[in-house]
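This is the structure, below, for whatever I ask next.
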Amino acid sequence: MALLEVSGLVKEFDGKPVLNGVDLSLEEGQVKVIMGPSGCGKSTLLRCINRLVEPTSGRILFRGEDVTRPDTDVRALRQRIGFVFQHFALYRHLSALDNIKLGLRKLRRMSDAEATDRACHELRRMDMEEHRDKYPAQLSGGQKQRVAIARALAMDPAVLFFDEPTSALDPRMAREVVALINQLFMDNVTMLCVTHDVFLARYISDRILFLDHGQVRAEGDVEQLLDAHDDPQIRAFFGPGTRAR
Amino acid sequence: MSFAQIVALLATGAGYTVLVTLACIATGLLTGLGIALLGRLRLRGLGWLLRAYTYVFRGVPVLALLFLVFFGLPGIGFNVPPLLAMMLSLGLVTGAYLAEVFRGAFEAVDPNEIMAAEAMGMRRRQILLAIEMPQMLRFSVPGMLNEFTTVLKYSPFAYTVGLPDIMKQAMALSATTLRGLEIYLAVGLLYFAIYKSLQFLVRGIERYFYVPGFTRL
Amino acid sequence: MSDWIGFFQDVVDYGPQILQGLGNTLLLWVVMTITGLLGSILVFYLTLSQHRLVCRLTDAYISFFIGTPLIVLLFLMYYGLPQWGLRLSPFTVAVIGFTFNVAAYNARYLRAAYNGLDQEELEAGRAQGFSSRQVFLLITLPQSLRLAVPGLTNQAILNLKDSSVAFLIQYTEFFAQVQELATRNFQYFKAYLMAGLVYLALVSVIVIVARQLERRLVRPIGG
């Protein structure tokens, strides 16, 4: 059984379709990348799956359970999906450690000591333990992202969503994200990543989904999609220069 | 009578001035926070009521409101003691102004952080208390200090309803000694000293809760 | 209901005095709003001074008048100055006291607006060879004033409400006349309620006018 099974997902904003019948499946332990031009509905897709945005129609099965029904426990669903935002969205008034502890304390109802232990463990995993008492304003972009990932992982999510993980980083930092995501893949973390960064897509994933105008235009291996696709529009998007990047 | 003696005599009223000021600040904080929080939750049908409250209480002079409460309400059967009358006039007016300060500060909270908390599975109320409130209060410090200062400056109205604050002491003293010049100069210095203490206190609290990366609004 | 009819009868009977009071309120408001603005421009100019002492003194002035109740200043002049044989009319005392007070607040708004200005533009003015006074009058002041419009109009509203304080030094403005009416017919609640509504209506007028003003003055720069 797939971890996530999306079929015929439609989202309209003011009558305009942003997602127009998207199908997608994600297996446990898999890393899948969704690519496409800006405005193609990539981010909306992620937000529909954890119901930050209400889908107009379609079905989403999460471990076999339909989570689009009105009686779905949305908050329980969200607690099983770790979300790493484009600009990381760390809570500015909390230190790195407290950013991670907040969910453990308020949602998992852990004791302070327990939460601290767990948070430190996740920070260590992300090589960030020495920065535990720093506030977001004192961290670099790459460091913020590591804290954001640690914050998501601390909740033991079934899957980790990344929304454009490299777009807010400088190029050198963006390269490090590849190593980071591959490390998580080795740890058997299931991930769904939205990006328009071809370099990132090439090195973290075996399966890529190309989204355009709210529809999946193509899905396939890295080689199939990035190097020689039949669809001229997909070739144009990835372009001849992308391999050099 | 020396200037120092005048100051010492007036200072006996300082306790009441501070009491009135703190009572009205507390009233203002309570109503201001309540209004701002309810407004933030966007409860249906409540929006216009909150707007009406802030509009009315920011549009009427404190003195007119104080007299309405203290001299007017007994006429329709409600006797209001002086301190309560100050809280129901100056305090509620302050609440209306503070509500605006808080509303503005809430807008400064990054919506992405709220969305991150939602994506984590937190309840609306948890987000409000754990994310938005702590940030909003830090953004509000300069505005709060302004409003607290205003409360102190209007606190002398307490003498009109018979509270023995600094102003009342000054009037009694100047009636007996006819040395209004020194007396009211001393009064001014006393209020300025209280103002500076208030400022010092608020700055201290602000420093205690300081977090890098928060700019004053 | 018959109560209210009787009350309005009293209001009509006492109408001329109330209208006269209203006139005095508006007179004080207009005068102090103008003098307060002019005073604040002077104070603002002094805060930009190169002399440390001048800056210190103007900062102290602003801080003192923001930290001290206006009513103390009014009482100081009204009840204190006669000690030196100087008897000023309530109106004069009110205008002087309010001017000092309002000037301090407005100067703070102007100063905050100045801090938000594009410093390069000011440097450009200096580089073009304008004298520092010309730079102030032609560039700094107009731009600061425009940016400070929301604060200044807010102060104008406060001025109207605060003008009621002048009744405590026997200036026969609107609130004093309402008070007089109330002590005649003992309808305190109705009288003060009416007073509150009148102030609310006047404030609403200022708010509407101020919005028009802001639309015209602020947008061209802000947008």
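Observations on the structure shown:
Chains: A, B and C, in written order; residue numbering restarts at 1 for each.
Heads up, the rule we're going with is that contacts are C-beta pairs under 8 Å (C-beta built on N, C-alpha and C of every residue); 3 or more make two chains touch, one makes a residue touch a chain.
Treat the numbers as computed from the prediction; the structure is a model and nothing was measured.
Interface comparison, B-C versus A-B: the higher count of C-beta contacts falls to B-C.
Of all chains, the one whose CA centroid is most distant from that of chain C is A.
Annotation: 56 Å between the Cα-based centres of chain A and chain C. Separation between the centroids of chain B and chain C, computed from CA atoms only, is 21 Å. A straight line joining the Cα centres of chain A and chain B is 46 Å long. Counting partner chains per residue, chain A shows two or more touched chains at no residue at all. Residues of chain B touching chain A in their complex: 110, 112-113, 115-123, 126, 130-131, 134-135, 138, 211-214. Chain contact summary for the complex, chain C toward chain B: residues 64, 66-73, 75-76, 79-84, 157, 161-162, 164-165, 167-168, 175, 179, 182, 186-193, 195-196, 199-200, 203-204. Within the complex formed with chain C, the chain B residues making contact are 56, 58-65, 67-68, 71-76, 149, 152-157, 160, 167, 170-171, 174, 178-185, 187-188, 191-192, 195-196, 199. Within the complex formed with chain B, the residues of chain A that make contact are 50, 52, 74-79, 81, 83, 85, 87, 89-93, 102-103, 106-107, 135-138, 155.
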